[in-house]
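Next come the structures, one after another.
Shared chain: chain A. Partners: chain B in the first complex, chain C in the second.
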Partner chain A sequence: MGAFLNVNFIQDLLLSMVRMATPILIVALAELYSERAGLVNIGLDGIMAFGSLVGFLTCYITGDPYLGILAGAIGGVLINMVYAFCTITLGAEQIVYGMAINIFAPAIASFIYKIYFGINSSLITNTLMSAVPIPLLSKIPFLGNILFNHTPIVYFAYLLVPITYVFFNKTKAGLNFKAVGEFPKAAESLGINVIAKKYLASIICGALAGIGGAYLTTCYISTYSDGVVSGRGFIALSAVIFGRWMPGGVLLAALLFGFTDALQLRMQVMSSGTPYQLLAMIPYICTLFVLAFFGIKKAGPKANGKPYFKEER
Partner chain B sequence: MNIKNKLIKILVPIVSILFSFIIGAILIASIGGDPVEAFSYLLKGAFGTTSNIGETFVKATPLIFTGLAATFAYKCGVFNLGAEGQFVMGAVASVWISTTFISIPTPLLLVVSLTSGAIAGGLWGLIPGILKIKRGLNEMIVSIMLNYIAVLFMGYLYSGPLRDGNLPQTAEVAVKLGRIFSGTRVHAGILIALVLTVILYYFLFHTSFGFKLRAVGLNPTAAEYNGFPLKKLILTSFVISGAIAGLGGSVELHGTQFRLMSGFGIGYGFDGVAIALIGQLNPIGTVLVAYLFAVLRKGAITMQVGTGMPTSVIDIIQALVIVFAVAGSALTNLPKVKQFFTNISQKSNKEVK
Partner chain C sequence: MKKRLLSLLLMTVMVVTGVTGCGVSKKESTTTSEKTYKVAMICDSSISDGGWGAACYNAMVTAGQENGFETQYTDSLTSANFASSMRAYCDLGFNLIFAPGNQYTDAVKQVAADYPNVNFALLNGTVETANIESILPDAKQIGYMAGALAGLMTKTNKIGFIGGMELDTTKAKLACYEAAAKVANPSVETFSAYAGSFSDTAKGKEIANSMITNNNVDVFFGDASAVDSGAREVLSTLKDKYDIAQPSDLLASQKSDVVVGSVVTDNATMVGLCMKDVKEGTYGNKTVYGNLANGALSVGTFGTAISADVKAKYLDIVEKIKAGTFIK
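Here is the complex of A and B:
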């Protein structure tokens, strides 16, 4: 038990927490943009799966993880445009369509992988993005290593939090954006193009969710396999609820889920006697407990999940 | 509902399936394959021999169960995405019962085991239900988390306490569902599935309790104003939906797999969701789509061996069907399109007169 209280152990644990929280944070912010414009997108898991494949493939071919991330973003946007067209223009039920994306996107990802590498390919690895320590700040004892010794994607994710906060609360564009999710009729009457805003939200959401997926295969694990996302899209969804639809809250939630993930991985290494399946359950069980105790019944944008038709009265 | 709407409901999935196959063919051609050859291998794989035809029914059985679980839940307005977990927990309960209480005579043990599978699935489905009505939690997230927990729990069991021999798997269950056609692996599970379909259809559309459950799905506020016990009905829907999936897991165990091992039940939950949505949330539609999926699955393996086309082509075709079917249903509901259809039917009515 003494090993658990070691300074190095705690440092490793927190470092790993920051790293594990990153994809959840990026994807939860993706969902935040989408839901603020009234679009509940439960297809995040699927978009991430596609992003992780596109990111992996691009990184493998070019050898450049940054291009992988960029490709992941583009791939995410492409997939999410299918969702956007069907839910915004056709008015399909968002939950149902999100589910369709969750089935559709991983199927394409798996297909592309098998076509490119052959049906019976062995594990293929690519280069991972290396950490870029921030000068001076990373030299701070203890904290420096935890916070300022990461890949740029991690910094990007954490910077997104204040950016998103300022955007939604301090800029006119952001307030308009929120109006679309709260009361689209009123927004329309004020001259806001509701449909365009919803498409914009879908582009941002697709790009961020794609980056979140690509992060997994270019910064975290060096291989792609079906199911690499393993429910992170849904954990991100719960992070939005737990974070009360606020960027700061989402950050806290992502860190919490990152912590449980980091903890179970460390515990797998420390106590090899415990069956790993029981430890791997921890993040999912924690998500349930956190939601059960801190989730709230009614919150979030008021017009969330409702289709919007201009002509309808 | 009038005939026109019914016709649209039937046409949308059929057109979606056609479109998906056309895109699938283009996809195969674009990577240098021959679509005609690939699809003929597909058909050969599914219907070439008696044993192959039998396999399509074997593969359809679990899909019918998870499809029905999803159909039932959505008809009642609860979004149970946890069929996979409930399926797995049903099988876990059955494997424990039928390898522990071996002194019970075989037919009775089978009944007890199937029942406990359904109960286990129902209890696993109860958790998102309780969290929804007590804490207002989104049942989709809860049921997905429970899927991961159930699959990990099963993994723990077959590699730990219930492990049998060197491989990470449980012992084989002694009681098995009987084969019903010689020369094939078709077992009585398909009969259970079909009887269940009829019961559910009757229950949902021809009983007052079924009507109440559907009313909650259509408009919970109106149902509550009418004095329906909303929370109780929602819970009931979760439990029944979970029990259907749990029974499916139990049937799959006693009829096809006989033991738990890595990969048991994986993917059946989401397949069930797709099948239910393409089947227009109708139990009979669900059975038909589940059979189509099974045919594609069985044929895909032969296609991969024969032409080198990966089976994931078929996964894409399946996924496209759902993408088109849902978009199609939405499209036919758009005000403009509705007007268009009404105009057509009015014109044809006038012509008849």
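Here is the complex of A and C:
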């Protein structure tokens, strides 16, 4: 028990939490933008997988992890455009197309990897993005190393939270954006171009989800393997719901998940007698628990998941 | 009117393709008279995972080339699809189905009962029937070999084991890893964690990180395929941290400052033995054992970090494991 109170342990745990929460945070924010415009995109896992492959491949070919992130964003947008076209213009069922993306995007990613690299007995590695410690702040004794000694994408992810908050609550463009998700007919009557805003939301969602995926293979680990995403897209989805569609809530949800996941791994190492399956359940049980108490569907955008037909009466 | 014509045209194209397709395959099956042997592998991970999947696929291809078998594979299957995938290969006339792991046991038993003319090779399995042969590399010896090397190499007397899923073979390897390390180095302590997946490289990184920071572990051994690559990545950023690889000889195909040695499982030879059985018609009711004595398990290329003295001690221990005198 004393091991828990050891400063080193706590610092390592918090550092791990920040690292593990980042991809979930970026992708959850992606989903937030999409759902606020009324599009439920459950294909995040697939977009992340494709983004991670494109990011990995670009970083491997050019040697520049930043280009990898950019490529990941573009890749994510391309995949999400399929979803966007089908659900916005054709008015199809959003959940179905989200699942379709989940099936075809990781398959394409796996296919491209196999074609380009062939079958090796060990994974190909590329260059990782190096951490950029913020000059003065990273010297702070305890928090400095945890918060201010990361790759720029981590800073970008956490900065995106206040930016998103300001965008949605304080700017006119953001309020128009939210209106599209709440009551598109009223928004249309006020001259807001609903279709254009929905496409914009899809582009942002695809880009951020692609960045989240690319982060995994250019900043977190230097290899790409088929299961590199391991369900993070779905965790991000639940983070949006129990963050009650607010950027601050989403941040807390991502941190909670990162924390419990990091804790679970360390507890496994410490107590080798306990079946590891029980400990591996902890993050998911925590999520379920919090969702049961704090997740209210009513708090979400009211026209979420409904296709918008311009000519409908 | 235009729409109707278009849909009629498309339907005609579809029907014609379908009929021609059926017709062609019928023709093919009647003209095939010479015996071509075909082997297929099913896998739940990707075959380009740089670990178990890749090793097993390469083993099948190598054995196939030596014995004149055509190879096919289906990877990234979910457990619900194991049986249906195998049935599809059986229906296509394949002679041997290779299932590279203990997790396929139930599906193999099910499908083998329905297709008595098709042969099944189950790696790490314990089933023997008229058309199922089990390939059993000695998980205990693998554990001993890894544990002995870890016990000898560690300077901090703390070693780590990273598991994927909790398979019987993994449990055996872990138990023997711990036991062998204790014999080689009585003051050693073993830490273990399961990633719960064979492909989540990020988890491997986190597990390795936490073991190093919190428990001062300096030698790792993994049974988790792609997860081990994540762990190796962390180790390569630090000094004096080592890893023992399996099942392929890592240092033979790539450079690594972190890997000190490998426990090599020669799946190719064992699959080849199954293929010979298929050709000779003597298939079934046996287990192909893989251990140090018959060369299916061997010591891999050593890394640069290992001293000549430790090397000598280790090879000595391996001889004892082979003879069965290392641990009673």
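Here, the second predicted complex is superposed on the first by the 294 of 313 C-alpha atoms of A that agree within 3 Å, B and C clash if a C-alpha of one lies under 4 Å from a C-alpha of the other, contacts with A are read in each partner's own complex, and residues count from 1 in each chain.
Heads up, the rule we're going with is that contacts are C-beta pairs under 8 Å (C-beta built on N, C-alpha and C of every residue); 3 or more make two chains touch, one makes a residue touch a chain.
Bear in mind that the values here come from a model prediction, so they are computed numbers and not experimental data.
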Check: After lining up the shared chain so the two structures overlap, which partner does A:L291 touch, if you call chain B first and chain C second: first, second, both or neither?
Finding: first
Next item on the list: Report for A:L265: first if it touches chain B alone, second if chain C alone, otherwise both or neither.
Entry: second
Next item on the list: Applying the touch criterion given at the start, work out whether A:I221 contacts chain B, chain C, both or neither, answering first, second, both or neither.
Entry: second
Check: Who does A:Y97 touch here: chain B (first), chain C (second), both, or neither?
Finding: first
Next item on the list: Would you check which partner chain A:I241 touches, where first means chain B only, second means chain C only, and both and neither mean what they say?
Entry: first
Check: Taking the superposition as given, does A:F309 touch the first partner, chain B, the second, chain C, both, or neither?
Finding: first
Check: Given the touch rule stated above, what does A:S16 touch, chain B (first), chain C (second), both, or neither?
Finding: second
Margin query: A:A280 in the overlay: touching chain B, chain C, both, or neither? Say first, second, both or neither.
Written below: both
Note to self: In the overlaid three-chain picture, which partner chain does A:S230 touch, first (chain B) or second (chain C), both, or neither?
What the structure shows: both
Notebook entry, point to check: Which parts of chain A are in contact with chain B and also with chain C?
Noted result: 110, 114, 119, 230, 275, 277, 280
Margin query: Quick check on the complex: what are the chain A residues that touch chain B?
Written below: 42, 82, 86, 90-93, 95-97, 99-100, 102-104, 107-108, 110-111, 114-115, 119, 230-231, 234, 237-238, 241, 275, 277-278, 280-281, 284-285, 287-288, 291-292, 295-298, 309, 311-312
Check: Which bits of chain C are touching chain A when the two form their complex?
Finding: 45-51, 54-55, 57-58, 76, 160, 163, 166, 191-194, 196-203, 205-207, 209-211, 213-215, 226, 229-230, 233, 248, 250, 253-254
Check: What residues on chain A touch chain C, complex-wise?
Finding: 3, 8-9, 12, 16, 19-20, 110, 113-114, 117-125, 216, 220-223, 225-228, 230, 261-262, 265-266, 268-270, 272, 275-277, 280
Margin query: Quick check on the complex: what are the chain B residues that touch chain A?
Written below: 31, 79, 81, 131, 135-138, 140-142, 144-149, 152-153, 155-156, 159-160, 270, 273-274, 277, 304, 308, 310, 312-313, 315-316, 318-320, 322-323, 326-327, 329-331, 333-335
